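Structures for review follow.
After this come two complexes, each holding chain A, first together with chain B and then together with chain C.
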Partner chain A sequence: MLPSATISAATRKKSLSYGLWRISQGPVLWLIPLALVLVTFFLYPALEVVRISFTNSDMISNTYHYTFNSYIRMFTDASFYNMIWITFFFVSFSVIFQFLLGFIIALTVDKGEHLRMKGTVVARTVALVSWSIPGVVIGIIWNILYNESPSGIINYLISFVGIGPVPFFTSPVIALFAISVANVWRGTAQSMILLYAGLKTIPMDVIEAANVDGANSWRKLLSVIIPSIRPVIVINILLNIINTFNTFDMIMSLTGGGPGRSTEVLVLSSYTTIFQLLDLGKGSAIAVLLLLINVVMSVIYIRISKEGVST
Partner chain B sequence: MKRTLCLVFIFVFLTSFIFSGCGSNNQAQTATTSGNSSTQAEASSTQNAPTANTKIIVTPQLIGDPDAKISISWLPKDGLDTPNKAVATYLADKAKAWVEKNPDVKIIPIAQTVNIQDAMAKLMVQVAAGNAPDVSGIDSFLVSKYYGYLQPVDDILKEKNIPLDSWFPFAQNVMKPKDKILAMMFTTDVRLFYYRKDLIQTPPTNWDELITTAKQMSDKGNVGFLYPAGRNETTSCDFLPYFWSQGGKLVDDSGNPVFNQGDNKTYMLNALNFIKQTIDEGISPKRVSTFKADSDMNSEIASGKVAMFLGGNWLAKQVSDIIGTQQFSDLWAVAPIPMKAGASRTTTSGGWTLGIFTDDEQKRKLAADFVISLYIDDEGMAGYCSAYGLLPPRKTIYDSAEPFKTNTVFQQCKEELEYTTIRPGASIYNVISQDLQIALSNVITGVSTPEKALDEAWNDVLKQKDAQKQ
Partner chain C sequence: MKAVRLAHRNSKQKIVLYIFFVIVAFFFLFPILWTLSLSLKTIPELFEIPPSILPKTFTGIGNYLYVISNYGITGSLLNSLYITLWTVIGCLTVTLPAAYAFSRMKFKFSSQIQFIILMFQMISPLVIVIPLYKYYSSLNLLNSFTGLITIYIAISAPFQVWFLKGFLDTIPKELDEASIIDGCSRLQTLIKVLIPIISPGVLSSVLLISIMSWSQFIVPYILIDSPAKMPISVRLLNLQSSLTNITTHYLAAASIIAIFPTVLLFVFLQKYIVSAMTAGSVKG
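On to the complex of A and B.
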C-alpha cells in the first residue's frame, strides 16, 4: 500500500496534466497570441490616449500632472461648437448621399443583371475604383477639379453654360459642401457593394409573389426590398458614419481645414492640436471624444450584426 | 463558451491596464526595440556594401564596421536612402570617408519620416523620454524647444577653426541662444519677391507702388500679385516680414504675446489691411487662401500669366524645372520684398540645424566631428548645399565655393539673408502662427474685417497662453 502523501502528489500531477490538456483543447491557448497583439497595438494605445487626455502633457516636456483641464478647455473653446456643427454636417451629408447613390447604383446593377444587360460588371468595377484610391490622392484629384484658377476643370466646364467661377475653396460655405461632395464620391462604392450583396440575398420567390399581387416598382421597393435588407442598410449606414467621422487624409490635402476654420472637423482638429500646437492633453481629449462616438457606433453595429445572424 | 470569452476579455483588459500604467517607461522600451530592429536590418544589407579590404559598409541602415566598438545613432534630415540621387551619393561618399578615418566608430542612421511636423513631434517625444539619438537634424524653427537637451559644441568648432561669425547673424542667434553654441545650422532658405522683368521695368519698393504696378498688370490680363495664404506655416513665413519691417514684435523678451498691444497692433493691422487691399483692388485672387505651400502657385506662374509673386528661394529652381532655366532667367528677376513706405528691408528664413544630444564626452566629440565633416566645414556645407540646391547659412561659403560664388541668384539670396528676421522661439509661437493663418484666411475670404480677425486671433492666443501656464 502506497503512503497517502505519494498518492496525493501523483493525483495532483495527474490532475495538473489533465488541466493543461483541457486548456490546450479549448480556445484560450490559441487566443492568447491574438489577444497579445490586440492589447499591444490596439487597446494599449487607445487607453494611453485616454490617460493622456486627463493630463496637461505637451510634446516638449516629460513632466505632467493629472487634470480635467484639457476637457474644460475643449468644451469652453468657442470654436469647438462650430467644429462640432461642421463635423455633424460633413458626416450627415456624406452618409445620406453615400447611401442614396450607393443604393441607386446597386439597384441598377442588380436590375441590369436580371435583364442580362451587358456592362454590369464594368459598372460595378468602375464604381469600385473610387474605393481603392487613397484619401490623399482623392484630395489631389478633387483639388484639380475644384481649382479656382482658369485651369480648374469644373469651373472651366461650367463656364460654357455661363456659370461661375465658383469659389469652391474660398467661400466657407461652399468649401464645406465641396469636401462633403468629394467624400460622397469616395464612400459611395462601399455602400454600393454592401447593398448589392444585400440585394442578392432577397429570395426571388418573394419578388415574384409581389409581382403576382400586382405591386408596382415603388411598392416593391418600400414593402419588399428595403425591409428584406434592413440589417444590411443599417450596417452600411453605421460603417459610413464611422468612416466619415475618421476622414482626415482627404480634408488635409484638400483644404487643410480652411478657409479659416470652415472645414476643420474633429479628427483634423485633434491632429493640428497635437502636431502643430504641440498640445498633447487637449488633442487627446478631442481624440477621446471621437473615440467615444466610434465606440457607440461600433456597439450598435455589433448588436445589429448579432440580430442579423440570429434572424 | 461565454465563460471562455469572458476570461479572454478580462485578460485583455487587465494586461492593457498593466501596459498603460507603465507610462513613459514603455516609451523607452519602444525606442530601444526600434533601435534593435534597425541593427538587425544592417546584417541583411551587408551584401550591398562596397567591398574593400576592410569590413566597412555603407548602407542606409549602417555606416562603418559592424563590429566597431563605438556606436553613434544619427537622425539625419535626409538619409542615404533619399530619392535625391545627388544628395544620397554625396552623403554616402562623405560618410564612408569619415568612418574610414574612424574605424572604431559605426554610425546608425535612423529613418526620418517625410512629414517634418510629424518627424519633429516624434523627436520631441524621444528627447523628453530620454531616448534621443546621439546627433540629429532639427528644423531651425523648432530648435529652441530642444535647447534644454542639447550639448554645446563651441570647443569642437574652435578646434575645427570654424568661427561663429562665419554664419549669417540670424543663424548665430538660432545656434547660440545664450553663452554656448547648442546647434549648427547647415541649410537655410529665404523669402524673395519675384517679378517679370520683361513686363516691369523697375520693381516696386513699397506697398503703394506694388498695388499700382499690379493694377497695370491686371489691366493687361495678368494676375498682378500672388502669395501663399492657406493654412500652413509657409503663410506665416510670407506674411510676417510685412509686420516685422515696421518694427513689430510678436512676443516680448519673456515670450509673452504682444502682437496686439501698443504699436504692434497698428503694425499688424497695417499688414492685414494691405492683404485685404490686394484682394479688394483685384490684384490678387481670393484663391491665394487655398495655396498651402509656395509650390501651389507653380502651375499659375508657369502659365505665364503672373506678373509678381512672393515665395521661397527654392521656387526659382522649381519654376525653372517647369519652364526651362533659360526662359526663367529671361523672364524673372528677384528684388527686396516691397514693404510699407518708410519701413525697413526685411525677409524671413528657415532652415535646418544639427544638434548633439549625447552627454557621453567621447561620443559628443565624435558625433559633432562626423556631422561637421558632412555638413558644416567649408567643403561639407558647399558640397551638401550644392548637391541639394539649398542655401548655405555660412556667408563665407558664398565667397569661396562654387556655384555660390558666381551664380547671380545665390548672390542675391546672400544679400537678402543679411536682412532676415527669424520667427521667435517662444513656446506660444506655434499658436500665434496658426491663429494668424486663420485671421489672414478670414480677411481674404471676407469672413472678418482685419480688426475682428486680429481680435479673434489675439483672444485665442491669450487663452492658449493661459492654458500653458496651468
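On to the complex of A and C.
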C-alpha cells in the first residue's frame, strides 16, 4: 500500500481524466441534455397542469388555494358533455375514414407496383403531400373551398348533382362534418404510408400460396393480408386517434370552433376557457382530461409495440 | 390461351387502378391547385359564376408581390427559418448522444426510459404550454425566440431519439470497437465514425424536424403576440382574421408562399421522409 504523500500531482490529474473517462463509459453524461429538456419542458409542465387544475389560481395573481372547484364546474357544465360528443364524433369520423381511405390507397399503390404500372409513384406522392402542409394552412385552404357564397368551389361543384348551396359554416351539424372531412384529407397520408410499409413486409410466398389455393382477392384480403399486418393496423389507428385528439391548428383556421361552439373539440375548449374566458382552473381541468387520454393511448401503444418487439 | 386471358385480366385491372389513381390525385391535389389558381386571380375573377378553373391573365403574379410587400410575410418567413434552423441544431445535439447511449450501452431501466420518452411524444403541446405561458411571462420570455426554440426542441426530441437509435442499431458494434482500439473516445467514435454512416438517417431527421417546426402552431400562437416575432403559421391566422372575402386571393397567395418550402422539400426528398414516417411502427 502506498503512503498518500507519494501520489504525485500527475497521478491525481491522471485519475481525474480517468474519472471523466469512466463517466463517459456510462449512459448518464449522454442522457443529461435530453433529460434536462424533457424534464423542464414536458414532465414539469405536465405535472404543473395537474396541480393548477386543483387550485383556484389565475394567470395574473400568485395567491391561490387548493380546491376541487374546477372539476365540479367542468362536470356540471352542460356544454361540457356537448363538447365531449363533438370531440368523439370528430375523432371517430376522422379515424375511420383515414384508415379506410389510407388502406385502399396503400393496397392499390402496392398492386400498381406489382403490375409495374407507370405513375404509381406519382399517385403515392400525391396522396402524401398533405402531410407536409402546416395545419393552419390546411384550415385556410378548406375554409376557402367551403365558401358559402355561390362562387365557393365546393358549393359550385355539388350544384351539378342538384345539392346546395350547403351552409358549411352556419349549420352546426354540417360544420362538424366539414372539419372532419378536412381532417380526413389531412391524416390519410399517415395511414396510407404506414399501411403501405406494412404491406411490403408480407412475404411473397404467403401471397403466392393463397394464389395457388385459388383464393379470390376478397378472401386474400381478409384471411392473408389483414392478419399479417394486424399490428401495423392497430398502431396506425392508435396514432390517428392521438393525432386527431390533439388537433388544434386546422380547426382554428377552418371554423375557429364555430358556429357557436359546435366545432369546439377538447383542445379548443381548453384553449378558449383559459385564454379567452380567462378561467385557468377549469381550462386546466379540461387539459388534464386531454393529458389523461394522451397517457392512456400511449400506454396502449407501448404495450402493442412491446408485443411487436418480442414476436 | 391462359397467358392471353391473364394479360387481358391485368389490363382490365390496370384501367380500374388508373381510374382510382386519378380520383385520388384529384381529391388530394384539387384543394392545393384551387388555392394556387385563386392566388393568381383578380378581384372580379374571384366572384365569377361559374368560377373559372384557370386565371385568365397573368396579372395575378402581382398578388404575390403585394402580399410580400404589405403583410410582413417576408419577416415571418425569416422568423420561421431562424427558429427552424436552431431547432434542428438543438434537437440533434440533444438527441444524438441519447440515441447513442440507448443503442450502445447496457444499463438498468434502459427500455423503460425509452418508453417513457415515447409517451412524451403523445402529449398535446397545449398541455405543456399552459404552465409555460405563466412562467415565461414571469421570466420575460414571451415573444422570445429562445423560449420558443427550447420548447420546439422538447417537442421533436422524443421521436428523434427513437428514430436515430433505430439507425444506430443497424451499424455493427465491431465498428465502434475498431475505432476505440484506434484510440478514439466514445464521442469521437460517434462523431467521426457513426454519424457519417447514418447520414441518410440524420438527413431524414433534419427534414422531419424542419417540417414539424415550420408547421408548429399552438405554441407560438400562445407565446408570441408581437407581429414582428410571429412565425409564418401564426402570421397566416392573423392575416385570415384581418382579411375579408374581397381579399381571398391575397390569403391564397400567402398560403402558397407558406407551404412552398415544405412541399418542395417533401416532393424532392420524399424517399427520406417516407422512411422517417414509417420508422418505429413497422419492423422489417
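We adopt the following convention: the second predicted complex is superposed on the first by the 283 of 311 C-alpha atoms of A that agree within 3 Å, B and C clash if a C-alpha of one lies under 4 Å from a C-alpha of the other, contacts with A are read in each partner's own complex, and residues count from 1 in each chain.
The working rule: a contact is a pair of C-beta atoms (placed from the backbone, for glycine too) under 8 Å apart; a residue touches a chain by one contact, two chains touch by 3 or more.
For clarity, every value in this text was computed on a predicted model and none was experimentally measured.
Colleague: Regarding the shared-chain residue A:E48, is it in contact with chain B (first), chain C (second), both, or neither?
Modeller: In the superposition, A:E48 contacts both chain B and chain C.
Colleague: Is A:R186 touching the first partner chain B, the second partner chain C, both, or neither of them?
Modeller: neither
Colleague: If you stack the two complexes on chain A, which partner ends up touching A:P27: first (chain B), second (chain C), both, or neither?
Modeller: In the superposed model, A:P27 contacts both chain B and chain C.
Colleague: Is it chain B or chain C that touches the larger share of residues in chain A?
Modeller: C
Colleague: Where does A:F275 make contact in the superposed view: on chain B (first), on chain C (second), on both, or on neither?
Modeller: both
Colleague: Is A:V137 touching the first partner chain B, the second partner chain C, both, or neither of them?
Modeller: It touches chain C, and chain B stays clear.
Colleague: For A:L38, decide between first (touching chain B), second (touching chain C), both and neither.
Modeller: Both partners.
Colleague: Is A:S151 touching anything from chain B or chain C once the two structures are fitted on A? First, second, both or neither.
Modeller: Both partners.
Colleague: So, A:A197: does it touch chain B (first), chain C (second), both, or neither?
Modeller: second
Colleague: Once the structures are superposed on A, label A:I242 by its partner contacts, choosing first (chain B), second (chain C), both or neither.
Modeller: After superposition on chain A, A:I242 lies in contact with chain C alone.
Colleague: Let me check the overlay on chain A: which residues of chain A are in contact with chain B and also with chain C?
Modeller: After superposing on chain A, chain A residues 26-27, 31, 38, 40, 43-44, 48, 59, 147, 149, 151, 274-275 contact both chain B and chain C.
Colleague: What does chain C use to touch chain A in their complex?
Modeller: Touch list, chain C to chain A: 10, 13-14, 17-18, 20-21, 24-25, 27-29, 31-32, 34-35, 38, 46-51, 93-95, 97-98, 100-102, 105, 107, 110, 113, 115, 117-134, 137, 150-151, 153-155, 157-158, 161, 185-187, 211, 214-215, 217-218, 221-222, 232-234, 236-237, 240, 245, 248, 251-252, 255, 258-259, 262-263, 265-267, 270, 273-274, 277-278, 280-284.
Colleague: Of all residues in chain A, which touch chain B in the complex?
Modeller: Going by the criterion above, the answer is residues 26-28, 31-32, 35-36, 38-40, 43-44, 47-48, 51, 56, 58-62, 67, 69, 73, 77, 79, 147-149, 151, 167, 169-172, 255-262, 272, 274-279, 282.
Colleague: For a test of understanding, state which residues of chain A touch chain C in their complex under the given definition.
Modeller: Going through chain A, the ones touching chain C are 21, 24-27, 29-31, 33-34, 37-38, 40-46, 48-49, 52, 59, 104-105, 108, 111-112, 115, 117, 119-120, 122-123, 125-137, 140-145, 147, 149-151, 153, 156, 185, 188, 190, 193-194, 197-198, 201, 232, 235-236, 239, 242, 245-246, 248-249, 252-253, 267, 270-271, 274-275, 280, 283-284, 287, 290-291, 294-295, 297-299, 301-302, 305-306, 308-309.
Colleague: Mind listing the chain B positions that touch chain A in their complex?
Modeller: 4, 7-8, 11-13, 15-17, 19-20, 23-24, 117-118, 121, 124-125, 128-130, 145, 230-232, 285-287, 289-290, 292, 299-300, 303, 427, 430-431, 434, 437-438, 441-442, 444-445, 447-448, 460, 463-464, 467-468, 470
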